[in-house]
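Chain nomenclature is as follows: A, B, C and D, assigned in order of appearance, with residue numbering initiated at 1 for each chain independently.
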Amino acid sequence: MEKVAIKDSSYRLKKAKILQTKKLTANEKFFEIALMDGERLDYEPGQFIMVSLLGIGEVPISVCSSPAKRDSFDLCIRAVGKVTRSLHKLKAGDVIGIRGPYGKGFPVRILEGNDLLIIAGGLGIAPLRSLIQYVLDNRRDFGKVHILFGCKEPKDMLFSDELEYWNERTDLHYACTVDRADPDWAGNVGVITTLMPGVDIEPSRTFAAVVGPPIMYNFVIKELIAKGIPERQILLSFERNMKCGNGKCGRCQIQNLYVCQDGPVFHYEQIKNLNEAF
Amino acid sequence: MEDLQYVILKKERVHDFISTLSKIQKLVAPVSKGYNNFAFEEVSSGSEIALKYIPTILPLKKFFMPQRETLLEFKIAKGTHAEPVVEYEPMTIFGAHTCDLAGVQCLNMVFSERPKDYNYLTRKNKITLIGLECNEYCDEYASCHLVNASFPSGGYDLFFTDLGDYFIVHVNTQTGDEIVDTTESFEKADTSHIKELKRLRDTKSKIFSNEVSIERRYMPELFDMSFRARVWKALEERCLSCGNCTNVCPTCYCFDIRDELELNLKRGVRYRVWDSCQLEPFARVAGGINFRKERSARQRHRYYRKFRYPVDRFSRFFCTGCGRCTRTCMAGISLKETLNELIKESEDRVWKKWL
Amino acid sequence: MKKPKVGIFDFACCEGCQLQIANIGEDVLDVLGSIDVVEWREVMSEKWGKNLDIAIVEGSITNPHAVKRIQKIRKKAKIVIAYGSCATIGGVNGMKNNFNLDDIRKYVYGDSYRFFPTEMTKAVHQIVKVDYFVNGCPVYIPEFVAVLKAVLQGIPYYVPDYPVCVECKLNENVCMYDRKVTCLGPVTRAGCNAWCINNCNICYGCRGMVSNPNEKGAQDVLAKYKIPMDLILNKMNMYNKCRELG
Amino acid sequence: MDKRNININVEYLTRVEGHGNIVINVKEGKLDTCRLDIVEAPRFFEGMLRGRSIFEAQHITSRICGICACGHTLASIQAAEDALGITPTEQTIKLRRLLLHLEMLDSHILHIYLLVAPDLLGVKSFVPLINSHNEVVRRALRMKKTCNDMCDILVGRHVHPISAIVGGFTKLPGQSDLDAMLGMLKRMRTDMDATVELAAKLKFPEFERDTEYVALVNDDGEYPLLIGDIGSTDGVRMNKKDYKRITNEFVVPYSSAKHARLSRESYAVGALARFNLNSEKLHPKAKEVATAVGLKPKCINPYLNTAAQLVESVHCLEDAISIVEDLKNTSLHYDEEIVIGLNEQSNIPVRAGNGVGAVEVPRGILFHNYQTDENGIITNANCVIPTSQNTGNIEYDMMKLVPEILDKGDEEITLAIEMLVRSYDPCISCSTHLLNIRFVNK
């Protein structure tokens, strides 16, 4: 058996340093990361990277910052298992491996000049934060912007200071809701679709970007279509099991589509007939 | 047929040829494992080889993408350093049937697609492939004609056809040419040999005919109609989810990637292993949702990955008709039967629509 | 990093799984170099008695005394590893549960049977919480080492939830069903690299069943090969009887 | 002698396989109690075997003891074949002898290095030896691993062998496997020499008590381990089928325990017993070692059981080499590979029967006995392990030893007694059906 190094391997890792971490909720942690060796990550909002902890494993994570932030990027990670729990133990200065970015993000060139209805459920805010920050960085290029956010309980609220900031901005409409309130909660209570009647949109010029847990999609899409938004203008991001990110390992397939390469962001029109999508 | 590309190997010289070949580099060929089972294993003499064999337990993919292969080697001490590597072993494969050659062609397409998989491609370039024609069906499980894999169509360096006292050999590549030169076992073919070959192929085209009652070109359409077919539901109760059908399939290439550390927790490797869409955890994500929870959905996915999805991507079927999945299934799930049932079910539907 | 303090304890079992540790050979010194074994009755006279980082527990729980002892160990140990079939699924000791307990006691010990209190055999997790499982009768050394590394890394170890057939095929064995012999591979959790089939025996199910076995399908297969149901149930019960206790 | 009171209670005797307690009570200089209690949780193997196919017996009874798994397997197979009326082929017997040698070697090495040596070197366990005698520990592990690797080749694994079943082997070693084994065995000679050298230096306590020694005997030139009649140093000889005559349970007057007895109140089995009965059949190299360590029959110092284990190790290594060389020369008959049956495929006809297996395992003779109905289903089972035969003898040894060393301190007495028990290499994890379990009903 012979062994040689492969320069162009699609599994080659880039070294990245954690600049800072911040606990967001009991289960989610925020990481600001910079590539080492003078490299930069070029990505679109909605794309993801593979994050490696050598000896433990590799997981797909959405980049949650705006590409305009050139020198570093952000991740928001929920601790659920092997790799993600181990990532939570890291602190500023620690080094991780990454590869990517991968997949198709939100088509910002197409979104430009249109109104946006951004709907995030729970951790779905992570990839959407990238889009929102991008939109805010380039606010002039977009029409009206609505952001709807829902999560289980107030304590699960991610990026609460940023939500606060969006709420205060006059150039966008922001609303949020929780499934279950706690005594300190004065806001909306109910599933995310309860916020939708309050949004006034011009369907033909509105693009909806929706990211959340699988069960959320069915209900939200129904509402959006009822509001008259064309199927082509509804964008969804999917989460599937993923190992390679290269469209080979087969884990993330939704029928004939590979989430890692053809997605994770899809037009509703593209996938509405795929039984395995929902 | 171009004469120049053909040589012949007399039967009495086969053993010489094999032992010479085995001295050039590692040689693997089909050997008998008993109970009408065969496997590609290393050989050094002609007597070890089973020239008449039905498809081996594992297909050739085990040489092109081994069951376990290292992707990265890393050290954890002092930051992290990881180096992508490929492990390979130059070898010659002798005796590949047309279905298995087709399987390798499929894998070549997959791993050449961007982003290219250099682990596969590097290894592939070190493998010499010598095909061997099936003059008749291996058994009732084969369906190679349906998928257009019953006749040779490239993908080899040399291709052997048994014509009684001798093999006629098609030289397809320069590597093949070099083998002919260095082993010095071959003679030039003349027109009578070529005629013999033609005659064999004519007979073959009478023996080999569509194993399933559908024309090849209608297959994608059949599958387009069949996503909700009852056939899949019926498989729910039968399939044991043992993953045998995908492991033995020449074109199933799904894999898992894992890390392994040495005990000192300082060095390790990242490696990939074969995986199977038939296994319970395959499409399960954090949080416990399983996107293909039902065995029926998993079986359906397998069939679509053979007959429908690759048609869009690679313009060919990813079934080579080798029949391994049927042969290996202890629940007796048969590829041909499933297809026939799909056809019957769709005919019902079309018929009812007309009524 | 400070070396974790490890205790190795045995309950009703053959102690073969402990022996597997010695069978690692010289590499065991690397294993012992990464942990600090403070209690291991089979090979050590030292006794510890204090709190432990890791308790490796071999054997099934078969009498009231053992129940108390395992509860004590659980209280003392941060991490409990159930080690070997007896500990993880009850193993061969579970066959006892096929019988009336008094009857089996009388059979073996005659009139003195009263001196041998016994209870239904249970796996360790059926009494106390277990953090890691090392299945197998005996344990497969590479898997044990993998679990140990996961413990040291502080990450979970997932026992494969797919059948032995997967590994069996990767090893390119002739399937036992082709030899007209029943094999429990299709319903047994992988992780042993199809040890028994590699050696031309059948799988006896020593690693426990996969989480979602297709029982109906398995019955059809048996019918197809004309194998009597009770024979296979009997075989299933060799290692997996304790499953019934929930 | 002063009127001492001694109360020794060693709970969870360590460095033995399985769980045992020692209870010694000296009241005013007189020995009052002297017991070896077996506290292993009973596992009821014999009970569980009822209703099982005779072809499953070997798989199940191997699980009686992980240390002598191959021994139990072989005794079980022998009993089953006896019951079914099968005669194994010559090749099968050769391979089984080889397997038994490997296990003997493995177990003796484990016992000498990991369990006895710490006592003789004055440490608590082999763990401190890792630092103080690193090379010794490495050698022990290396030798053990070699035995283990060879078992892997021969039967799949040492702990609960896979391919050895009733009728023969499901898989036979290939030519390259035989070469590999031969290489390993030959390389082991260096380590064995070093072991002999080390052991020659060890000093064993001086203590003697005459007793009856029981082991397999035969009439050919072979040191009997796998096949033979039951023989004793008191001149008894009988067929293995009559094993119940010696292991027969009987009640001794001073307790409710049951003992095994042949010509006297107790007897001993194990390496020393085998040596005392068959030493002239040992391999010449083993004989040399016996002379070197001053062991000659009839030796009645139980502590020297360890020395006898050393001598046997040399014998097993050398004889294993001859067996493998022989197999290589004659080359294996691969058509003897058998398909596992488990009654689904009646390759082997079944019948009603009653079979006994008697095999010398590291700690002495092991008996398995099965009765089956006409379908080959076990109706009665009995397994008698060496340790249960030895326990009575150990107690008589203790009764003689304790008064002799009453002038020593408690700790020294405890150690002397623990060492005595350990020298028998008791394997009480085999708690199938212990004859002499002592009920603590004070």
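Here is the rule we go by: a residue touches a chain if its C-beta (ideal position, glycine included) is under 8 Å from a C-beta of that chain, and two chains touch if they have at least 3 such contacts.
On a predicted model such as this, the values are computed, not experimentally measured, just so you know.
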item	value
Those chains which touch chain C and also touch chain A	B
Maximum centroid distance from chain D, chain identifier (CA atoms)	A
Chain occupying the most central position, where position means C-alpha average	C
Cα-centroid distance, chain B relative to chain C, in whole angstrom	38
Whole-Å gap separating chain A and chain B, where each centre is the average of the chain's CA atoms	39
Inter-chain centre distance, chain B versus chain D - centres from mean C-alpha coordinates, in Å	52
Chain C and chain D: spacing of chain centres that average the CA atoms, whole Å	25
For chain D, residues contacting two or more additional chains	none
Interface hub residues of chain C, defined as touching at least two other chains	153, 179
Multi-partner residues of chain A (each touching 2 or more other chains)	55-56, 81
Complete list of chain pairs which touch one another	A-B, A-C, B-C, C-D
List of chain C residues in touch with chain B within their complex	27, 30-31, 33-34, 145-146, 148-149, 152-153, 161-163, 165-166, 169-170, 172-175, 177-179, 185-187, 210-214, 216-218, 220-221, 224
Complex contacts: residues of chain D adjacent to chain C	12, 14-19, 40-44, 46-48, 50-52, 56, 59-60, 63-67, 69, 110, 114-115, 118, 124-127, 130, 137-138, 141-142, 144-145, 148, 155-160, 162-163, 165, 170-171, 256, 337, 339-345, 429-430, 432-433, 437, 439
Residues on chain B engaged by chain C in the complex (per definition of touch)	33-37, 39, 57-58, 62, 67, 237-244, 247-248, 260-261, 263-265, 274, 276, 279-281, 295, 328, 330-332
Residue ranges of chain B in contact with chain A within the complex	70-72, 74, 76, 79-80, 82-90, 110-111, 113, 115-119, 122, 227-228, 253-261, 265, 268, 270, 272, 275, 277, 282-287, 289, 291-292, 297, 301, 304-305, 308-309, 312-313
Chain A residues touching chain C - in the complex, by the definition given at the top	55-56, 81-82, 85-86, 89
